[in-house]
Structures are given as C-alpha cells and as structure tokens.
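Below are structures written as structure tokens.
Paired with chain B in one complex and with chain C in the other, chain A is shared by the two complexes that follow.
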Partner chain A sequence: MAEISFPLPDLGEGLIEATVLEWLVAEGEQVERNHPLVEVETTKSAVELPSPQAGKVVRVYGEPGDIIKVGEPLIVFQVPDDTAGIVGTVPQEQAPKRRVRLTANLDED
Partner chain B sequence: MGRHRDQTVEGVDPHLNVRVHEAAPGTTGPHRPVILLHGFASSAKLNWEDAGWITALTQAGRRVVTVDLPGHGGSPAPEEMDAYSPSRIRADLLQLILNAHVRPLKDDDDSTGVDLIGYSLGARLAWEFGATQPELVRRIVLGGPGAHDPLADFDLPAAQRYLADGSEIADPSTAELLRMAQLVPGNDVFALLTMIEAIKTEPFIPSEAVPRMPVLLVAGERDELAQTAPELAKLAPRAELQWLPARTHANAVTSRAFKTAAIDFLAG
Partner chain C sequence: MSEHTTLSDLEAARNNTRDAAAQLESVETIESASDGQRQIPAADAPATEEPADAGPAIETLSMQQALNRALSETLEADPKAMVLGEDVGQLGGVFRITDGLQRKYGENRVFDTPLAESGILGMSVGLAMAGYHPIPEVQFDGFAYPAVNQIICQVGRMNYRSRGKLPMPITLRVPSFGGIRAPEHHGESLEALFAHVPGLKVVSPSSPHEAYHLLKFAAGRPDPVVFMEPKSRYWQKGPVDTAGTGYSPEGARVVREGRHLTLVAWGAMVARCVQVAELAAEDGIDIEVLDLRWLKPIDAEALAASVTKTRRAVVVHEAPLTSGLGAEVAALITQHCFATLKAPVERVTGFDVPYPSGDLEDEYIPNIDRILFGIQRVLEYRRG
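Now for the complex of A and B:
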C-alpha cells in the first residue's frame, strides 16, 4: 500500500485560504472518488470539496474552525501500490446533462 | 414528440439560465423535479453546485432544476427594473414550470407538481410561489429564511455613493450585502442594485400569502438574517423549523445536516 497526500486545492479568484467547517469523512473510512470530503468556507462562500481519489482515509488536516492555506496538506489516502503512481487531481464539476434556455419563438405565436 | 407551443405568462421571455440535472443512475426517487432558488448576489453554481447540493439531491434520486435569477450567474441582466421584481420572477418561474409541462399535483402520482428549495432571497420567492401556486408545489424547504427582508432595508443611496466615491456606508447590513455582492467575480453590481430597487417596491410581507403545504425552515443558529425564522414558521400551518448549530447565513448552505433534513423532508 502507498499513501497519497492532497493539498487544499486552488479555490479560484485569488483565494489563499479556507476555514474548515466540517469533515464529512473520518480517518479509516473508505471513500469513493467524488464522495463529499469536507466543507470549507472562504471569504467568498462555503463550498463542499469532493474527493479527488478513491481510497482509505489515513489522515485529515484541520479541525472545524482551523484555517488551511491553499497548497497545504488537506487529506492523505492509502491506496493499492499499483495506483499510487497516478497523481490525483481535483475532479472538475460534472457537466450538466442538459442546458435549457427559455426561449419563446415569437414567430410561432 | 411534436413541437409544443409555449405560452409566455407575462408576454416577454426572460431567457433565464436554467439547468436540469437528472437523478444519478441506479437511484430511485420521486419523478417530480426539485427546483432550486439561490440567494441574492449568489448563483445556482455558488449556492447549489459548489455547496454540494446537486450531488446530494441527484444521489438521493432526485431530478434537479436550477435557475439563475435575473442579473445573477448565467442569466441576463436587463436594464429595466421590472425584470427584477419578485412578482415578475415568480411569473418567470411559473413560465419555466409550464414550459416543462409539469402537471398539477395529483395524489399517488409522483410525476406531478414540483418541490422547491430556496435560500435567503430564494426562500422568500419559494414562500410566495408556494402560497400562490398550491396546485403545483408539493413541499418547500426554506434555507436562511427571515420574516423581514434585509434587501428592503438596504440603503441604496449610501451604496451608490460608496460605488461613486468610496464614501463609507453607515448601515452595517447594507455594507455587508454590498461586500458580498462585490466579492463574487462576474457579479453585475449595478444589476444587483436594480434588483434591490425592485424589491423595495415589493417588500416581503409573509402574512400576505402563506404556503399551506408542508414547509421545512432551516437556518444557522448564528444566522443574523434568519433570527425571525420562527415568526415565519408560526405563520405557515404545516411548518417545521430546524436550527443548525454554529452556522451563519454564509456557511449554513453547505451543511450536511441541512441537506439530509431537506432530502428526508422532500421524501415525506
């Protein structure tokens, strides 16, 4: 088994840190990729970070109220050796299945 | 399926940015959609997607529809004030529901009607929409709700002076709302001020129209804008109120307890 550490990702727009609100996983827990990991709050908004990795949570950093800087360690996973070489990235948001604009076709009326 | 002919409720199409997220594969849940209404100076992305609501609801088997309010997110920011009035937004919402061919609620048919979740200004809109459309709305969840409208008390001239020459804003609520509005990149501050102007012409008077369907109110214990949530809960005949320990107006929105309560309530 190997360990992979993930830092607090860049939350965009010049945000440099976030406050931990609540961990949604516990050390020792097995999580799937995209499973909600932690709620954090920035000066802009509160966000829920999905897991960038499937694996067993070895360690989480920060209690509720603690500030973590972008790039500092957030979570460590234990994964099978054969997947450890793959460097995880934070998943992009899922694209919406369908995009609808309310458009009236006035010519038809 | 042939093309249907849509009627525009108010005669003008608002072109609001609407997104549909289907229930996650392999899940089962009621077929009626859950419509999410975001708060002032936020957007469907910030209020619902980034906060984890789309994932939570679709994983719970719900089909989710988000709408960006006018002047917010991916929706246009018209110049005319009328586009931002709460009554006009409610009409736009009705339009959207009619366009989606939602049928009036029928017992034992889980494909009829809609459920609503609104946060802050979105909660006000959901309250009013539920009160006026009882045949369409089955259940409502209100996040960070209050009986008083902080936007109606917003000091618009002070905000305009601040934007013109940086003059300090005396009213803390006005200063905080403007700070939030300016923090979000891409926010059209002038469109947001136009919305406030429109809301001042139609302030929230919750007793005027009360939703009769089951309503769940959820607010952070430290949410200063939701301290009057119990007054709202008393007005509605079938309301329950749940407080989220230690949460504020800004950070109640990601709360797992809030999501779980909302999902369970809408499944009831």
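Now for the complex of A and C:
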C-alpha cells in the first residue's frame, strides 16, 4: 500500500488560502473519486472539494476554523500499489479470446 | 550482427569513459568520494548480499518491483548514479518505480525536477559531462517530445562531438506504449524515433526478469540508452532470478521455440505473441516467438537464425505502420533470408493515426485476431 498526499488546490482568482468549514469524510473512510471531501470557505465563497481519486483516507489536515494555504497538505489517501498512477487503469489479465482459426497446408515444407 | 552497430562497440566506448574519467579527476563528487572509475554492476554476477550456498535466488516480482529493485541496487553500487524526474522523489513516481529511493539515498541523488522535460534531459547532459551517471525519467512517453532536442542534439551526439572525451552514460527511462486506457500523450510508441538517432541505444523489457537485468545492464553502459518500459506490463508478476545465472542482457531472445513461423515483438507485445503462439498450436502451427529486446542495435543475427529455420516471419508492434521499426526488421530478415523465405515479412501494427485514448485503444493495439490474420496471410502466400 502507498500513501498519496493531496494538497489544497488553487481555487482560482488568486486566492491563496481557505478556511476549513466542515470535513465530510473521516479518517479510515473509503472514498470514491469525486466524493465530496471537505467544505472550505475562501474570501469569495464556500465550496465543496470533490475527491481527486479513490482511496482510504489516512489523515486530514485542519479542524473546522483552521486556515490552510494553497499547496499545503489537505488530505492523505492510502491506495493499493497497483493503482495505475495519476492516469489510466491497471489492465486486467484475461484468458486469450480468438475468432480467427489458422488453416495451412505445410506439406511442401 | 555484421551490418549493424553491435554491443561489442560498447567495449570501446567503455574505455573512452575510463579515459574521460581520468581527465575529470577534479570533478566534485557526491557524498562518498569515488575513485573516478565507473563501477559497473555486472548483470550476470551473483548478488553480493546472497550467500554463495543459497542456491538460485528466484523471487516473484512485478515489473514495477523489479525495476525499483534494479534502480536501488544501481544507486547502491554506483555512487555516481542519480535518479531525477517529475515526482520521482517524494512521491516515488506516478507508477511507483522510484518508491522509497529518495528516503534511502537522499535528496541529492534522487530528486524531483520542475515540470520541464527539456530541463530534465538538459540537466542530465550536464551531470554526465561532470562525471555523473544520471538515470532521468520522463513521466510518460508523450512527454519525451519536449525533450527531443536535448535527446537528439546533445545526448546522442556529445560523445561524437567531443571525440569521446564526454561520453553520455545516461539511462533515460520512458514508460511506454499503450494498454492502460490513459488520455492523449500517455500511450505513444517512440522506438522508431529513438532508434533512428545515431548515438542512442534503445531497449525494451518484456517481463519482470528482463526488466531487472536489462535496467541494471543499461545503467552500467557508458553510452546513452533509452529504456522503454511497457507500462501495461508493470503489474503482472513473474519469476525474477536476481542472480541472473546464465542470463545474457545482449541481443534478442527466443521466448518460445517453433518450426513454422517466427513472431518478432518487443515490450508489451511479447506476452500477446506468446498467447497467439499457444492458440496457433491448437491449429497445428508451431510458432517461434523472438523478443527483440534491443531495438537499436537490432540483433540481426538472431533474426536471421530464427527465420532461416522457420522461413516465415510476422513482426508485431504498437507503433503506426509507416516507417515503424517493423520495416527495419522486415528489411533485415529479407536481406538475410531472401533465398529461403516462403512469403514477404508481414507487419501487424498500430494504424497511421495519432494514438487513440481510452476505450478505442483496443481497436488500435494489435489484438490476437489481427496477429492471427497476419500469420494466416503468410501461411497462405504462394509465389507466382
């Protein structure tokens, strides 16, 4: 198993920090991609951040009311070692399937 | 391998390296001082940590684990080796090939670079000129394009340009080929591009065992090697004999012996060709599978030996057909086996389109039926 840290992303419009309002996941919880992780408030608005990936939540940073700067750790996921990486999926091994049969007259060999 | 550059020219280049190293004694060294001699980890030597009486050290590893092990042992054995690239340090690589290496060998030897491939390769050129043995990674094949100028104009040429004074012992790791349903730029097959560049050597492993030994061998070369890792094969496990008894990292390798036809492949296509050979056996066709391994220089002798026996050949690759490496393979086979060939060499390849992302890749990558059709065309061919 490997751990992947996800920092607070750039929320746009030059915002440099956000305040944690409420964590929507708990440590130890298994989350899917795009599952809402946390509600944060910037000087512009309150937004829900979706999970960038599937995995088990190992650690969350910041209690409600704490300020987190863009780029600082927000959450750490535990993922299996065979996750394909930042993109792609691990190919599944399948029994070979065929539709084509070979016919040959090899007598002249 | 008479017509082509052979691996034996590595000996001459290795001597060059020693000469150059002797002239570069004043170069700063990292951490433990080096004697200026490159410590080449011998791929066929027993692993030093194994007791002599332990017997063959065969483990079951994925290619990902085998590559990680090979990098770790290279860093251990060669104090001038360095690993650099995007996310290879703290994260351990997006495919986790460099997992744990920064913790073990420190931030001076395993480090993250800015998101700029030309910089990664440019830095590697400078490090090589200063006597180091960089092992850069470009995160995905498609991101090698921004570094093409450095690869072609500096990495491939510096040894020639300097008349052997500045060899480029760079091992460029490139997660390559398709098969993981990734988006654009993440499934390219660049072997023909790199093989066309004078000064570069190109190799692609097909199994964990090959990956472990070929990476250690490549990292010990005095010349630049482009190491194309088949990313769709990172996770499948296989036996790895780390002692490498009887293993030779040079030239091509017969994976499966056969009498009627030779399938030539490399990287991820080797496993598929072995599947095809097993299926063909049900139809009474006995197929030999040749893992080319080195795509530059190509082992023309092994090609000739195999096809002289089988008299029929099909070459399989993921890259587009036109000017693909299959054309070079076909030309070498034709040249060496023209008198005995039963049919023109058939090529089963990707198509002349940009690599399709996601679900369409099954239509693009040569599948079992397309390879069988290629075999059937060769079997049916009659002269005149």
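The definition used in the following text is that the second predicted complex is superposed on the first by the 84 of 109 C-alpha atoms of A that agree within 3 Å, B and C clash if a C-alpha of one lies under 4 Å from a C-alpha of the other, contacts with A are read in each partner's own complex, and residues count from 1 in each chain.
Here is the rule we go by: contacts are C-beta pairs under 8 Å (C-beta built on N, C-alpha and C of every residue); 3 or more make two chains touch, one makes a residue touch a chain.
Because the structure is predicted, anything quoted here is derived from the model rather than measured.
Enquirer: Would you sort A:4 into first (chain B), second (chain C), both or neither based on which partner it touches?
Expert: In the superposed model, A:4 contacts chain C only, not chain B.
Enquirer: Quick one: classify A:26 as touching chain B (first), chain C (second), both or neither.
Expert: Neither partner.
Enquirer: Quick one: is A:47 in contact with chain B, with chain C, with both, or with neither? Answer first, second, both or neither.
Expert: In the superposition, A:47 contacts chain B only.
Enquirer: Is A:36 contacted by the first partner chain B, the second partner chain C, both or neither?
Expert: A:36: touches chain B, not chain C.
Enquirer: Could you tell me if A:13 is touching chain B, chain C, both of them or neither one (first, second, both, neither)?
Expert: The first partner, chain B, only.
Enquirer: Which chain A residues come up in both lists, the one for chain B and the one for chain C?
Expert: 93, 96-104, 109
Enquirer: Help me check something: in the complex, which residues belonging to chain B touch chain A?
Expert: For chain B paired with chain A, touching residues are 5-6, 8, 13-22, 42, 46, 49-52, 54-56, 92, 95-96, 99, 183-185, 246, 250-251, 253-256.
Enquirer: For the complex, which residues does chain A have touching chain B?
Expert: 13, 21-22, 24, 34, 36, 39, 41, 43-48, 50, 64, 93-94, 96-104, 108-109
Enquirer: Given the complex with chain C, which residues does chain A contribute to the contact?
Expert: Contacts found on chain A: 2, 4, 81-82, 84-91, 93, 96-104, 106, 109.
Enquirer: Going by the contact rule set out above, which residues of chain C touch chain A in the complex?
Expert: 62, 64, 91-96, 99, 179-183, 186, 231-232, 235-236, 260, 275-276, 278-280, 283-285, 311, 368-369, 372-373, 375-376, 379-380
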